[in-house]
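Just dropping this structure here.
For clarity, chains are labelled A, B and C in written order, and residue numbers in each chain start from 1.
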């Protein structure tokens, strides 16, 4: 694509040769001639002198260089970079159509320009919206509903009656609507399964990672709200509610019936207990364990979770605990000596 | 279903209109007319005044209300609730029969009234017991044996020669019988794979969660005993033995050759080292890391795991470690002053 | 197999009856007549007196027993044991050939003696090397390249354009090449997906565990280097580089753009932050959380990770923190008494 055209599509101001051919997007350290790259962080401005990229997305305040690469100026270079990747990356959506090896129920409803891949399965009464792509080997259960413009990657399981909004992306191997982990202990000590047949709702613009699992509850619903992004190998328990625009990194686990409010960010391997509420905008650093409800806006760490600032300070003391203990032992010795001296002194006076 | 019939099937005493139509089971806060709900915990008795449910499962001692919902009295309301879900939930098992798109080996043995879904695969010499359901896309490997009344959900991998009992449920995407993680370091530093071809045995009444993995060993066996319930994304290493009625929450990991005795409960994200023994009835709270064998009956927490009571107390001190350190520093200052004063005093006397 | 033949193939010195029939390999405690077992650890030498095995692999220095089992002597009995498992274990590779129910693109390139299982899918322009086995239900995406002598187990997803070397083993349900977790926050607070279409390279002799996920990046590549072994349910983020001969136990997670150098060992459930470097030969014990880069050769533990030796000492103090706090409180009381006494003493002198 000509740099001039790219600048127009990204709504950037062009400084340089608009006739340059841009064929790829790359990181600034690895970029080659023909590549577009970006500087979003002032720390990386130094690379402008050395990058081999043909063009760089920068903010309006970055000084121009003679003999430097062409510049595309805009308020949010990283956002423009993401958009440029969409234009230039080596992506290829499958063509619309229903693969003859797929198994689509006669009473399923398939929207216009849908693509259903090889050996994919669409169950009875399922409905799939316009332009949605169901990749090879994916399974859409009986009565499930998927909106428009979704991408269901290979080998995904969407269980019966699950409801999925529009523009949802589900990566390979994810399972949506598996049975929640619910049992009741019987008098003989064995566990009776509580049937789990209630609803799972995935709202618009959600992304769900590879091999992630989202359970359905016995009653009520499990719901992932609009714009939430969930990474790989995450567990969402039955009856959980995930707020809008939440971000869950890989291997996060949320136990049953918990409410995660909007704009929460959970880093990798965070665990959240069941039946609690994580307030709006809470941020938990990696591996945090959250046993109780958390007030909105807090940044938390550790297990059990405490405010991040406190945890950092306590962790700094933790690594020197043996030294602290030694200081206490020394104090005990010094004080014993003092006590002895003072008592001797008092006795001698008495 | 008429409330009278439901009462009979649940063996509950009915107080109220037996002609009521009950169509759904719901939680007490969300129940609507036509719903059955329950109160198992005295804390929820207050909802009896406000619930819109038509009928409520309660213990014999709960006082009746004029104008309240109909009551179904029994010793274990939560157990009855679980049973009612089985009668009323929106569940539908696939009809028996072998889908024409499935791939079933000619020498496989298929029991009576088995259901084999679309694009499922049953390998050579595999045996599947009566009334078992193999959902679409599931794979039963060569020589694997599955008992009666099992439910193998979509896209499960049951590897070659794995043995599964009766009434076992396996959620979507689980893998049973993958190769254990066993290597021997060669003189040049590289890792030689130790072939992992021995047995995996899943006994009766086990449930295995979505995308959970259970490895096979090189020699001996991996065994999950009767009535164990394993949640999603759990790792069971090669040669592990899981006791009867154990409960593993999501994302638990058990390293190779470990023995988990009966009635152990491991909460979410717990990790257990290899070659150790977890005694009968041990309970580990979420994220506990267990590096060594544990005596029966203990409740443990933390990493490395210690008794839960100690861990709670230590954690309470942990969050105030900076304050504790400050107190030690102050003590050091005070004692230095005291030493100086006392020495000055002693000198002046001398 | 005759013991004599086994000894020759394992290049061991035989002491005993070479005509013995060996049919199985077993652990020394469970071995039966007809079994071969091994003693690699001197602690197990005592079992030589009691084992029922017909033959035992031992080092040259182990004393022979009259009436004991036959001995196979070699420098590395455990290595020989692993090799013997390869000869004797109950393994059976599928025959070469393309199953008629598989879906192989007309323009895919399939090497000699390849096996493609039932309902497996090989996409457009994909290339599969000689003698590679693609098990049932596995999916090889468009343009993906797989080398010689690989084993791709059932229901694996190898996404479009992923490159895999030779002798690579991928266990069931693993996903290679899923989209990295990359978003840019837009002015309205929502997250715009950064398209993730760049490369994933898996080098020779790598093993990847069941339901493990390896993401592709937006730019650059994700690379797993020669001889790395990755267990089940591991997350490898986008743009990560995994060094040669690294070992990752189950449920490890590596966040994006991190470099793990050669010969690193991460035990189960270890988490590694993004954009950092783990030096050559680092060992992290189970559940370690690594927020910052680590110098080569360190053994680390805890979260945040510190040297293992320090962590063990600090953990020992941690479990007695309440007692330590009590000692500080007692010191404060004793010092207050001392101060009072001394002041009284000084006053009386004054």
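Going forward, a contact is a pair of C-beta atoms (placed from the backbone, for glycine too) under 8 Å apart; a residue touches a chain by one contact, two chains touch by 3 or more.
Note that the structure is a prediction, hence the values are computed from the model and not measured.
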item	value
Chain A onto chain C, rotation angle from CA fit, given as a multiple of 5 degrees	120
Interface residue identity across copies chain A, chain B - same or different by half	different
Euclidean distance of C-alpha centroids - chain A vs chain B, Å	25
Junction residues of chain C - those touching two or more other chains	119, 137, 155, 173, 211, 233, 251, 269, 287, 318, 321, 324, 328, 331, 335, 338, 342, 345
Interface residues, chain A side, partner chain B - complex	103, 119, 121, 123, 137, 139, 141-142, 155, 157, 159-161, 173, 175, 178-179, 181-184, 186-187, 189-195, 197-198, 211, 213, 215, 218-220, 233, 235, 237, 251, 253, 255, 269, 271, 273, 287, 289, 291, 302-304, 306, 310-311, 313-314, 316-318, 321, 324, 327-328, 331, 334-335, 338, 341-342, 345
Residue ranges of chain A in contact with chain C within the complex	25-27, 30, 76, 78-79, 81-83, 85-86, 89-92, 101, 118-119, 136-137, 153-155, 169, 171-173, 205, 207, 209-211, 227, 229, 231-233, 245, 247, 249-251, 263, 268-269, 286-287, 315, 318-322, 324-325, 328, 331-332, 335, 338-339, 342, 345-346, 349
